[in-house]
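Per-chain numbering from 1; labels A, B, C and D assigned in written order.
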Amino acid sequence: MSEPRTLAPPERRVAQVSGVERLGAYDLITAVDPTGPTEPCPGQFYMLAADDAWGGGEDERPYLPRAFSYARARVEPDGVALSFLLEAIGPGTERLALLAPDEGLALVGPLGVGFRPAVDGTRPLLVGGGIGVAPLLCWHEELPDAAVLLGFRGASHAQAAALFAGEPQVVTDDGSVGRQALVTELLAAELDADPAVTVYACGPPAMLEAVRALCAERDVPAQLAMESGMACGFGACFGCVVPTRDGYVRLCVDGPVLDSSVLETAA
Amino acid sequence: MIELCGVSLRGPVLNGSGTFDAIAARRAFGDALLERFPFDAFVSKTITVEPRQGNPPPRLWETAGGLINSIGLPNKGLRGFIDSDLPQLAELPVPLIVSVMGFSGDELAALVAAVGERDEVSMLELNVSCPNVETGLVMGAEPAETARVVEQVRPLSAKPLIVKLTPNATEPAAVAVAAQDAGADAVSLVNTVKGMAIHPETGEPWLGGRTGGVSGAAIRAVALEQVAAVAARVEIAVIGMGGIASGRHAADFIAAGASAVAIGTESFRDPAAGLRVATELAELSLTRAPRSPASTTV
Amino acid sequence: MIELCGVSLRGPVLNGSGTFDAIAARRAFGDALLERFPFDAFVSKTITVEPRQGNPPPRLWETAGGLINSIGLPNKGLRGFIDSDLPQLAELPVPLIVSVMGFSGDELAALVAAVGERDEVSMLELNVSCPNVETGLVMGAEPAETARVVEQVRPLSAKPLIVKLTPNATEPAAVAVAAQDAGADAVSLVNTVKGMAIHPETGEPWLGGRTGGVSGAAIRAVALEQVAAVAARVEIAVIGMGGIASGRHAADFIAAGASAVAIGTESFRDPAAGLRVATELAELSLTRAPRSPASTTV
Amino acid sequence: MSEPRTLAPPERRVAQVSGVERLGAYDLITAVDPTGPTEPCPGQFYMLAADDAWGGGEDERPYLPRAFSYARARVEPDGVALSFLLEAIGPGTERLALLAPDEGLALVGPLGVGFRPAVDGTRPLLVGGGIGVAPLLCWHEELPDAAVLLGFRGASHAQAAALFAGEPQVVTDDGSVGRQALVTELLAAELDADPAVTVYACGPPAMLEAVRALCAERDVPAQLAMESGMACGFGACFGCVVPTRDGYVRLCVDGPVLDSSVLETAA
């Protein structure tokens, strides 16, 4: 079984923050990982924590590391520069957003299984919502010709679209950039025009469920990069399960990319 | 090397049951995991007679320096464990301890008998303390209940029997004494401390299982007190755990009377935590002499 | 305004006994303390019949998100309290609740009788839960013991009687039911969770009292679970505490069934924590409806 | 009773860090307190915490605030600039030492009772050991003519002596600055030369005990600024007691400056 899974060193290590870039509502944090593998698979993720003062935020958190898809990996002389796109929504992401160059970023990874190749005879189509664009960035680098459909809340979030090469189609909830529409409306139009695609999607749960339903109706294969609350990221805690047709699966070892056909319907 | 219940271990650092899945970890880390295996003995996740799916998500909630889990003992059941997990666990470079839990004395007996006869298995741990499944409280919180089940299963295997204690009891030391008198070779403690979280938006319980168990740094001081209280009352070995994250923490538990320690939640923060604790502990031992006779070098 | 055991309070935020000395605080903060008094009712530090010096130092140890204390109930004794503290506490702008603890039912009875007849006092709290003094465990951990002392003191005062529960019990809800059935008007919980720290250099217990009680954020999830379990079983009011540091935490305890909440360790971080929690809670209440009938507005 | 005690506002407030200066082994942190009293009494202290990320250090600490004598107070247009001299010895002081300008420093204070005037007919003599020089700095500003005796471990610590006006006498444990001697040797010589002094001392416990004993032998009045582990700083927790002839007293409300005559002897 050749899963898209690059193995991780079995320990936490400390990368050095080399860049911090504000992109509207998001931050792009880059850190140089001195000893990790140079070729993670798009869709894989890392467990991250600030090496210092990881704690003492809201409710005396964070305590555990947080999961982040890598958005970019570049081999550099002293290691792999890994970039993460993050949205500060709580004590963990807020602390990470405060990281400054030269601070330590503790990480474990790459973890999980990434995106699988497109089904024979289909073209890849990337669909991202909000912070869910992160794993699509590196995947798009491997599939430069793939069409990219992106949806954001508004202009500040939509700045992340600039990270994509080529011309992604962008829509926003408030119409401030592109049309006022849901990204799934773009997807429906694309599928209606040509259903011979493999869809790769990442975004909020409601969006992923809509993508799943749209694809299921049309028998279109879809790979969804999903999220759930994680404590460990390597199958140790059994905390990150999502329901599938085969029962609960741990998203950190059996995902985060799941084939939409294994998911139970929302109903 | 240390000796724990007659079994030689390369050191005193175990994992807490259910906090490290060596099979899944090998998928993530490959054989490097075996080369740098973080523990001196491996304790399996608790198994039950029948397979279990576990509790509905969400299963996790982070607290100040801690984690509440409501996992609900998902496992393949006795048959599934023996057929598919045991062969893989047998490849680990350290002795294997299998944790078992039953919803009745008879179920426990069936598990002890079946697992106890396997050569791959060095010791058994009886989980009578899981706060997520009702029977756990009943068996492990009352000395008499504990004595009853330990007496029932004790004759069924010659392997060392560890009884894992719950902290959610008025007097864990009395339960430990009961376990010892009924034939246990060691006690391990603590399991998680009962806890709960409220959904920030709905005001309803956050966890799918409604309540859960707190682990991690938040419970270390509580665990240490219970380990000291238990170690003062029993002659058998005590395996201490609860929030251990450094060699100094491990040394504290040993100073309180533990013969060995286990790492749980800290492995979630660093899969190599067990190795790090062992290294730090070895360095500290040079300066701080162990006081517990059970932990002496063999 | 809320009503707690028939006493009108301007709001539902109290202090935990022994975590705010209004007399000392007035020395530090002056009359500004009275103008911006942080609590809606003031609970005194626990008093005993005889004066006590308390435990030898060190008395404090900081843990992950928590504090272990081994204070040992220093107080002036019943006479000293009535003569020198009570007149000063009577000047506070809120109702006074006096916490009492006895080493026997008779001592408790003497305290309840003497304090209960003072007009300055609105309610009494029976501390049967202090983990630092041996009797605390015995009385508050067993339903029958609790019932016995509450029955003994209940007839001695017409004032509302709050029974403060210890978390170091197998089933706090059973103790709460016993207190209710014996005539208590309310229960408050949790007191501190037993804990211990080891001296980093000597390997001996750090605290002068050897063990202590853990409070603060570290125990919040544990307290919340016990409050929910107790509130599900009793009809009387429940006063919830344990690591509350924000209006959302208070709302969580209220969602779990508490009628009022108390702030302890968070006051050490901010003497105005009580006020802040009350303000935040009031803002939240506009969005999250209280579910506990006992906490309704009068 | 006119104790040297300036009242504190009954709440935690946030001052803004305006200066961070490294002084050998110590850090001098200055923060502008917008609403606190402008005239704390020398010897009083504040409970300090970083407003952000106060936690997540060693053992997931700090959690509670930490006590610090103020070393200087200067009235400025937007508040009082309070300076604290600190030695990083654990997670709390380490976090404070990382404070950068414009970060928030949460504080409660001034707390406790400060130094009392010298006994009539005596001249004041200030004796400091190590980080214990902090409260003597502001006290020396009020008593500019007082002699100052300082002891440090070595040259790096002795840099703090430069904060004192005039010419303090400095000794070190290793002789790297001044003579190799204990500061109590200087004190003994001064007392032998002229015992008509009131001694003000602050430093490690062994030094304070030596000062107490030297003064007691000669019936010299001494005021000792002491330390103990504190959780609250305003008498709430009963945690900070020290044994005295009158039993345990809470150092945060009855001290931190105690008249040495109330102390029990070490024996």
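Everything below uses one rule, namely that contacts are C-beta pairs under 8 Å (C-beta built on N, C-alpha and C of every residue); 3 or more make two chains touch, one makes a residue touch a chain.
Note that the structure is predicted; figures quoted are calculated from it, not measured.
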{"item": "Intersection of the contact lists for chain A and chain B", "value": "C, D"}
{"item": "Winner on C-beta contact pairs when B-D is weighed against C-D", "value": "C-D"}
{"item": "Longest centre-to-centre distance from chain B, chain (CA-based)", "value": "D"}
{"item": "Intercentroid distance (Cα basis), chain C paired with chain A, Å", "value": "47"}
{"item": "Inter-centroid spacing, chain D versus chain C (mean Cα positions, whole Å)", "value": "34"}
{"item": "Interface hub residues of chain D, defined as touching at least two other chains", "value": "55, 59-60, 62-63"}
{"item": "Where chain B touches two or more other chains, by residue", "value": "63-66, 216-217"}
{"item": "Chain contact graph, described as a line, ring, star, complete graph or other shape", "value": "complete"}
{"item": "Chain D - residues contacting chain A, complex", "value": "50, 52-57, 60, 62-63, 95, 98"}
{"item": "Contact footprint of chain D on chain B as seen in their complex", "value": "65, 217, 245-246"}
{"item": "Chain C residues touching chain B - in the complex, by the definition given at the top", "value": "61, 63-66, 68, 137, 141-142, 168-170, 193-198, 200, 203-205, 211, 214, 216-222, 224-226, 228, 243, 248, 251-252, 255-256, 288, 291"}
{"item": "Chain C-facing residues of chain D, complex", "value": "5, 7-12, 49, 55, 59-65, 108, 111-112, 228-243, 247-248, 250, 253"}
{"item": "Of chain D, residues touching chain B in the complex", "value": "59-60"}
